[in-house]
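Below are the structure tokens for one structure; questions will follow.
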């Protein structure tokens, strides 16, 4: 019922509007004894922060996180952790001209229809700024994973911008941090750079993207069928991110074109654990992890705020045209990469804890 | 936390294994005063039931539903509704040879790893048979929608089988009921028929599919941001269905290749309500319905149980080959159509009720 | 939100009306590998069953439980367990004269006001018959405790009937099973017998009672502050039982009259664990178990259905008098004893599982 | 699962420790359009605030609340409301000598056992200071009730201190605000004053209390059987407050001594609605409101922190004696009055919203 809350045992509630005094995450269910301080969380927030390069909005806020509760002498106590980020750079005048206008592709109109009123400043609650709170929560989840399941790693990257895909034969995880796009393909990154510059400067347009997030080292046997399957929760996690319109696990939508023979991930016995010939399943069978990489992808629509005029209506129902000046990413998908990572970290931690409560975390033997 | 439960205010819990005594759905939160009897639910179960044509499994059970509670003199009372379907045709001997073998693509191995034991008969809890309970719950949701929001219709159909897509220029909803595939394109349906026959008889193989479900007449303003968005809940609903590996809202994964100009659904004022020039968004902005058709698609992987041998291991970790005889659909996607419809009906009803609790169900005025 | 569901990780949903086809409990979250068959549950149902002596209603049903799911070859699988009890002895004609009348002290009027309609047969959903489902769920909880925490015992007994209390100096747990009242004081039991016979036969009246339930062997450290404290959940558990109007932990309402010096349970170090000089706290501090006996008491109001006439109104708002013939316990508190035990068992199991998910179940060291 | 969260549709999560940087409440589910500013909430916080008279702790903090989200131009937007109260007067040195000692009657020992570590400063999370967050949430609930059900009033008062009860024949609600004890009986208040002064100064002791909270104007028909009954939720609400050991609805524990004839609240028809001859039931039948006053009472144990020495152990398991200096209320029950009011306001609002979601809020007709 907690409509602003995500998770089963590791739960976070995000709160705050784009241009209100602050935003943050209330985390309930972090295990006790985890080393935590603001710097640990700040590391991940800095990855997401706008204003870092030409391709993300020029809103230049430090996004400094404060830990208001749940930590004593540098360790979590098992009580709720309150993370707060003050909004310092609010320039609400930028948005003044759209107070009475519904921007196409934005939630202005639906928030108005549902609630009868809305906070129009910067999109209010529906702004992508909410995702900063998720990234902060994800930082806590990663810290807790470091104790609970230290072998788990979570890595996100962009695999498609517009109709330009990476070439998986050039996949190099070391490239991810070396370009503005979290792109694991150096050649693609260079092309995207040119394309995005043109889009922004010349075409006054924006473009969509696809992000892939991989969790490695996830123990086999986590996931809670039927309605809290690991993939179900990942689908919900990613679809809840602003502007996401599609989510895939493993081969995703492409499974439609596969045959059963092709799709079978054949099983052999490794030294200790089963090994698989392939990973069409994305590391999940029947909602439960296989021990392979957990692979999720999601598509982010192009930024709706563009400098090109689009037809719309005012609150009075009068026709108008909307051009959104303000500061906007031409490809919001870029900033969605650390957000997707954060959601993956939260889901994996949550399911490890849930599995402990369900089964004690003991695994069935094979071999 | 209810890992076998779906929904916020209209909640259903499914229970039961493929070859146990019975399966069913415990529904909590159906509004009072809704006309309901077994025939109303049976209508939808009969749509899903296997054994109806050559392309679905030959398991020939009546799937007769009993209403054990929550209904008095033909009307719901607001108390829990228990729906039970007895398993009558269990032929468990068909599965005897796979008691100690993990079938590739199935949840045998992950259930074993998580729980340490499993009901192997027909896949136990992870069998697609669980979806009969969803369809029954969906029948109740549709009955309740008939009172709460009678203008809402929910229609599912198959848009792709293998790499064969429908031609949307031939889309004809009247065709859906006229072929074995819930296919709205008569030409495609004929081709699929031949293809599937060949796959099953000659190729001993199976194939994936994509299903689309559309809800029309959904009032603007339902959906509960941020973590119970209408699209978030639809993604979870569809991803929780057996064998589903991808979910799309509106343009789905294809938004990645769109630009902001192309993706904008421009707004004009209609006689009473806003009207949109297009529906790339699939009827949802910021997690809240726009009043347009709500459009979701999901991909179903090919049936893992095939007559072609696949390599696997036994519970002892020994290598083996698996050929699944039994009764199996060459394209489980076919039977997923009424399941997707059922989930859509449940989500829409649930969000209408939730919105009433949140806002009183009153809409903000436009014009 | 699950208004007919109780519990966090061990959750049960009860369903069914007094005179409908069946009632039962859908249990989600029972750990896998627990030995379970109908006889294990039936044992506890038989304790609660009416028709056993002169002081409980003469409704003579076997209350035979069927396990419809979640158990394979005598062991739980970790999937939902459906327990069904058919209603066989429904004699609804007994209730025919009260279809249009609201019985004082019953939920007839409030169900009508809330839902607009109600199942009037035997009180429908608000009948104490619902508690059979709880007792069945409690039987499963006890079986699971036998695996998860075998040292835990749960014992309920009646400590007051009307204004007649037991004498705690005569407390003898062996007496509980030797009288019709679960009374641990043989002298009191004999007096209650006479009193109740007079009440029923001569006074046409009924009377209230207080039940005490003690859980021994509960590990220190379970409970989930702040809003799922062990005592919070016990208070909810007991108050949800029909006719309960008060719940106490440890010294309960009497703490008001104590001073801080008197109320302090002083602590010393035992051979392994802390030991306490007294147990005013009822085994719970700050919502978390101390390792002492967990002690809860609850008061059950006198049966509202009596042979003495009470003034009321009809559905049309006309004045009338109500005399309830039918079959009714003169002291419903008697049957509440196994119900209270069942709820205690469920809460203790649930919190042990929850604690495993929260902390891994590892305890902080003392000494 | 949200163990630090309370409520169904109107939900609040409290966070923060006694001596951490801040504490507060994250509220999800407040209806949109409610007039709200800090002063509205501050009004209720000031009622609870310590340091107001000689009988509550001398901790003199302003407890100034900040609204960080969910309000735009003085009205709630339907999005999460974050309320933060900075801790300004922390004097942690007062607690230095008990870092390694478990105080009898406190949660020090159980938090240590559960979590392996704890924030010892002022009791950390288990401090009664947490209740400030509840009072803030209650202030929001009252503001929302002003829109949703303006006829509802919530009034709390103390009816017993130690073994001294009020005389209900002298009950005068106007007295409540005129003494330090929220006592509706001026004579009793004067006696309590003397008693408490003696306890504190001469006896170095503390004492328990009983608080009663009444909600008037509650519409008939709210409450959600079976496991979210109005009384079930009130029992949980009150038992979750620090130091509470018993909860009663209507006649409470005293129903045990009543007979069915005495306990019956007889029903007659008023001008529009049913009227009752008495209110033994405390305004609730079958978990649903009758329209009468909803009456709940709870007992608060004596403050565990007293100047008289009590035997205990250290973290090393060594015997010690504890004398708690610091600042402590001799009767914490006093400050529990506004907390009980806040919880009542939250429960009533929550159930009105929930009922709207369940039934549309339409009532069954009588007469």
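As written, the chains take the letters A, B, C and D, and residue 1 is the first residue of each chain.
We adopt the following convention: a contact is a pair of C-beta atoms (placed from the backbone, for glycine too) under 8 Å apart; a residue touches a chain by one contact, two chains touch by 3 or more.
Each chain and its UniProt protein: A, B, C, D = Chorismate synthase.
This one's a predicted model, so the numbers in the text were calculated from it and none came from an experiment.
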Quiz prompt | Numbering shared by both copies at the chain B-chain A contact, with half separating same from different | solution = same
Quiz item: Counting C-beta pairs in contact, which comes out ahead: C-D or B-C?
Solution: C-D
Exercise. Could you give the separation in Å between the centres of chain B and chain D, each centre being the mean of its C-alpha atoms?
Key: 45
Exercise. With chain centres taken as the means of their Cα atoms, state the distance from chain C to chain D in Å.
Key: 26
Practice problem: List the centre-to-centre spacing of chain B and chain C in whole Å, with centres computed as mean CA coordinates. | Solution: 39
Quiz item: Tell me, which residues of chain A touch at least two other chains?
Solution: 1-5, 8-9, 14, 29, 32, 78-79, 114-117, 125, 225, 354, 358-359
Practice problem: Spell out the part of chain D that touches chain A in their complex, as residue ranges. | Solution: 1-5, 8-9, 11, 13-17, 20-24, 26, 28-29, 32-33, 66-70, 72, 75, 77-82, 84, 114-119, 121, 124-125
Quiz item: Taking the complex as given, what residues does chain C use to touch chain A?
Solution: 1, 9, 29, 31-32, 78-79, 225, 353-354, 356-361
Quiz item: If you look only at chain B, which of its residues touch chain A in the complex?
Solution: 1-6, 8-9, 14, 102, 104-107, 109-117, 125-126, 130, 160-163, 199, 203, 205-210, 220-229, 231-236, 238-240, 242, 245-269, 274, 277, 280-282, 284-291, 297, 299-306, 308, 310-313, 315-319, 333, 354-355, 358-359, 362-367
